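Paired with chain B in one complex and with chain C in the other, chain A is shared by the two complexes that follow.
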Partner chain A sequence: MKKASSPWTKGLSLGALLAAVCVLPFIVKPFQLEVLIFLFINIVLVVSFRLIAITGEFSLAHVVIMGTGAYASALLGKWFGLDPWLTMLFGSLTAAAIAYILSFPLFRMKGFYFLIGSFAAGEAIRLSWGRFRGVFGGSKGISAIPPLEIGNINLGMPVPFYFFALAWMVICLVIMYRLEKSRLGLTLHAIHWQDLLAESVGVNARHYRVLAFVIASFFAGFAGTMLAHYLSVISPHEFGLGIMLSVLVWAIVGGVGTFAGPIIGVVLLSFVDESIRAFDEYRPLVYGIVLILTILFLPEGLQGLPARVTLFVRRFWRGGRRETVEARPTGAGVASDRPPPSAS
Partner chain B sequence: MLELILQTCVNAIIATSFAAIFAVGLMLIFGVMQIINFAHGELYMAGAYTVWVVYAENNLPFFVAVLAAALVVIVIGLLMEVALFRPLRGNMLGGLIVSIGMLFILQVLAVHFFGEGLMKTILSPYRGAWEVFGLRGITVPYQRLIVLGVASGLLALFWVFLRRSRLGWALRACTQDPEAAALQGISINKFALIAMAISAGLAGVGGAVMAPLVVVDPHMGSSVIIMALIVVIVGGLGSLEGAVLAAIIYTFFHTFMTTFFDGVIANILGLVVMMLVLVIRPTGIMGTSEKS
Partner chain C sequence: MKTKVTRRKFLAGSAGTIAGLSLAGTLPKRSFAHEEGEVIKIGFLGALTGDLAGWVLPGLYGVEIWVEQINAAGGVKVGGDWHQIEVISYDDEYLGAKAVTGAKKLVLEDEVKFLVMSFTTPVFAAQPFLTEQKMVSTTLTPSDMSPERPYLIAPVEQHPFYLVTGVEWIRRNRPDIKTVAFVTQNDELGMNSLATYAAAFEVAGIEIIEEKLFGFEITDFAPVVSAVLAAKPDMLCLDTAYPDYINLILEQAFLQGWQGPLIGASLDNYPAIIAKTSQEFLEGYIFHYPDFDDPRLQEPDINFTNAAEFYRVYTERHPGAWNAVSWEYAAILAMWKGAVEAADSAEPMDVFQAMKSTDAPHIFGPAAWWGTEVYGIDNAPVGKWPVVQMQSGKPVIVDMADMRPWLAEHQDVLMRHMKDRNVI
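Let's look at the complex of A and B:
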């Protein structure tokens, strides 16, 4: 953290951002409003994805877990006529429960095996939705999911739902942020970077990995329930591998190293998406190129860009004396305020 | 009933031969570079499209088209190795992610040049079918026999190359322990290129001979890459023998499930079986090291 951003300036800029976001729905076009709503849901999704990523594992089941929440909420609403508020809670809990069950086989694996194992688990669930028409509505999915209501405001309309999604996104982000700064979050970081050391001081790494997985799945499931009650139609198609890869791209391009990274990634790439809407079939091309360039040139993601630019500018100023600058440890994200000692 | 079982066995054997060369190619890349190439399915797609252009549109002989497919795909593969995989060697997650990027790019290029949703069916050069050992009711179309012949021939050739030639020895050394191999004076860069060429060539030829049997479209790689990932994981990362064994087991299982139930059930059960194998042996059947 840089010294320049005191809590005051930080709070002020956050406030300004919030104010701007509150005015937005009244000035943008309707379809852009829709994009923003999806953006809020995706932010919750990608930040919860990062919660697993900080333990060192990437779960490719995450979007399907989100779908589990959506399906559970929709089915409870349709079968039992429960209030959508209640089904949203139960939907999120179902997602967490499914994640807990999956954690038994999945956390026996590590690294690449975990990646593919989680993909397999997710895909098996997703294919079941398409196959068992009687229960899950087949490939057409579930339609006419009851919309949310507060008092007599119908949240199925874009503008009220915009504020609803915004509020819940802020709440989820605050909870997840606090979680990461808490003892639990620090433990998660520890088992990623030093899992043998952490285990040797008595931390049950597997237990904490499962905990992170279940909590992240709860939030993913919650994002899913918001999606279900907004769209009022869900199908297995909404939770496919393509979406999962998008989540991966957002997280990686933004950088999973910091809390803000994935958010930067999803916001930026959503704007890119919007600006190339006319060339929809080239969208994956842009994603692919951005992904490759990020991995090759910005391994810590966009959040590492300012530090790199600073380093570059410094290098540029001292063009004549390259070797002194090269001698500095590269990849040091935080450039000190003091200029490096010049060799003479 | 007996006929159905025999026919399914015949089908499974042919599917296995293709699955084996595809998965062995994927495994070879992993062995030498510690990179899982998600774009391997797109190399297969590129092979199929080359056959479409050379054989179906320009009416050149089929075997010319297959050779052209191998060449085109090897060139794509070598470019990928030099530009993407070389800077990221040993960085498993990084390599995986650039290959996903490459998957997007190749798919979009295919859509750009050939269009999407236009069913491209290629007529097989050898129509008709062989009644297996004169048994009535059990038939194999000639094109499938070509797949079987080409795939098992290439696999045998690859095996001889690995076991009998100096280059093959060196290549095996690279897959077993890249660092120790480098200490013996084996150039990892050179062998990464050789491995990539073999792997891409196998995928390209696979795509070429399969092209008349499947619908050629830009997303045809997705289903085979999922199959191949299951196979290499079940077989155990880094073990070529494991990949072949897992290809046989998985393909037989999948073919029988598809015949007796349906394709989706077969996919679901295949994934569940894979999970079970991983629960019992978290590093696959023949995998030894827990690489992460």
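Let's look at the complex of A and C:
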């Protein structure tokens, strides 16, 4: 049996990690600070994406939903002069509301049909931003979005925004983690693996899928509002299919089976992305190779790598003797940290 | 001998490839023509991957060749010394977030002295930082200019204003043309272009009898082209659209039997279009982006050294890649080089002052800084621009027309159309 780490060990590890990220902005280069800021926003985005994935559905509208939050916050600020703090809340709520409306047609579908349906819905929204120039600014988008401020501190500056984004990322992650570990989270896992069984005991699977979709969209919208108020400019292209594919790659490479998987994916691939900039137009090739290798050899994602390495080392030391079931890495798919469903 | 590729071999090989690429990634970023001695660094920040790469990457190829040629000739002279030029690129993926990161890396870490950028959102996103740093940067679309972006200039591209020169040429040379129909890309690029064309056609006395807009969701141009041809125009205008769309529109017009005159901003990769249509179909097409082996571009008033040699090397090295932007970023650097030598300094503000202190040495001849009336700031040189016509399957410059007289006389018409179409 794998020995669980004690609360003290976990607490100390998290404390050390938090201390390290608090020191980072004072030692890294300015452009690396930007990478970290956008990384925090992307972590919120990809973890919220997983919240839908644990119900068994992959939404290709997630980045566009992020964009609805960004657009709503920017437009409320520009039209009504509302305080950015308020517009961020309304922006997140707008994203959740749009997701709720979309859920009516989308959750009549499942699996591949849901995937394609969500893509179509997202593109319809995104193309409307380009089409209705008077409202959404067309393909140029919206610029001069007011930055956030706390008293005299301008959060539009990198170091203050770093801590702002870090704090909100931690808050969002804690909430989403608690949600997954709650009764709601257990139900979401259940309807992924055995939706008919769950329904037979009185669980309304559609209702819970919609709930996960709306909650995840709220957090994606929040990530969008952070992006809008930091960049001060947004456009339809910022929320295009390319970014959506990146989110998918982060999640798949990291592994959607555990809460940490997508975080590992986005962190690692963001740094890989920066380190291979010398290749310019050939970078997507590297991304593609990483994705193919992961799917082929690490179907559970990078989060399963330690278990595989452990297995390999044990085999090596024991002269290639076959390993026991307990030491094997977890299987592919969502909720792989749970016992496999019974065949009965 | 049959070689079996096992799973393990494949994994090891792939891992080795990734490791090699990652290791190579730690090497200095893509830069070229770095030789001994003090170099002047220039940043190139644009979409080298993704949807918009087609209007940036060919420009980077051009910059590479231009830098090679300039460095081979000694470089740029500052303070009596010759300096080599080094261009450092960063792929912004046409994303604001990446543009901000790239701008900070290029300015603060690589210490570039001048920043060449693409257009719109990435340019907007990076401007607050660049303005704070007093870094001179460039855009390909003058509509990006604003008083809030005082050091952003549009030194070469005069889109959409040069479009009036093509319409004026039509007015003078084709008085039989009385009506025109538009197929227009429904975005800022297309609508700015449409507004300018509409003003120019109004001045020329040519009536617009159909305007058909299309969005990026389009998959079939047949109904769009059918609708405009049904209006029976004397001429078909393709406005300004992405190259792939231009190709598809022309193909449809050919298939539907159009045999009349054509006009548009660009005609990228025309050999491929001729292959799908015919040389006769494209004969007489009026647009604005020449091949650089055109005899007119070898004349002394052109501020681009060795244009024909530049074109020869480009087309040899990158077959099929030549398009509207292939020379534009290089032409920006040619203008920058002139300003550096005039200022006797490569410092951004000195170069900026040198650029703005006189009439701009635009690639196509003398030009005046302009833009306040439309964009609130005079950061775009406006002067001559070529009118190009397809003749026997080859673009030929038929006029090097100055757009300033037209703008001076008809600016009110232009502004009215731009306001009507909500582009200013």
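Operating definition for what follows: the second predicted complex is superposed on the first by the 316 of 344 C-alpha atoms of A that agree within 3 Å, B and C clash if a C-alpha of one lies under 4 Å from a C-alpha of the other, contacts with A are read in each partner's own complex, and residues count from 1 in each chain.
Basically, contacts are C-beta pairs under 8 Å (C-beta built on N, C-alpha and C of every residue); 3 or more make two chains touch, one makes a residue touch a chain.
Source: prediction; values computed, not measured.
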Overlay on chain A: chain C relative to chain B, clash or fit: clash
Partner chain in contact with A:Ser235 - chain B first, chain C second, else both or neither: second
Touching partner for A:Arg277 - first (chain B), second (chain C), both, neither: second
Which of chain B and chain C A:Pro160 touches, first, second, both or neither: neither
Chain B versus chain C as contact partner of A:Gly130, first or second or both or neither: both
Partner chain(s) touched by A:Gly111 [first = chain B, second = chain C, both, neither]: first
First (chain B), second (chain C), both or neither touched by A:Gly257: neither
Partner chain(s) touched by A:Ile295 [first = chain B, second = chain C, both, neither]: first
Chain B collision site on chain C, chosen from 19-27, 145-153, 181-189 or 271-279, when both complexes are overlaid on chain A: 271-279
Intersection of chain A interface sets (partners chain B, chain C): 123, 127, 130-131, 281, 284, 289-290, 292, 296
Residues of chain B touching chain A in the complex: 36, 84, 87-88, 92-94, 96-98, 100-105, 107-109, 111-112, 116, 222, 226, 229-230, 233, 237, 264-265, 267-268, 271-272, 274-275, 278-279, 282-284, 290-292
Residues of chain A defined as touching chain B within the complex: 58, 105, 108-113, 115-117, 119-121, 123-124, 127-128, 130-131, 241, 245, 248-249, 252, 281-282, 284-285, 287-292, 295-296, 299
Footprint of chain A on chain C - complex, ascending: 11, 14-15, 17-18, 21-22, 24-30, 48-53, 57, 60, 89-91, 93-97, 100-102, 104-105, 108-109, 120-121, 124-125, 128, 148, 186-189, 191, 215-217, 422
Touch list for chain A against partner chain C, complex: 29-31, 34-35, 38, 123, 127, 130-131, 133-134, 138-141, 143-144, 156, 227, 231-235, 237-238, 240, 242-243, 272, 275-281, 283-284, 286, 289-290, 292-293, 296-297
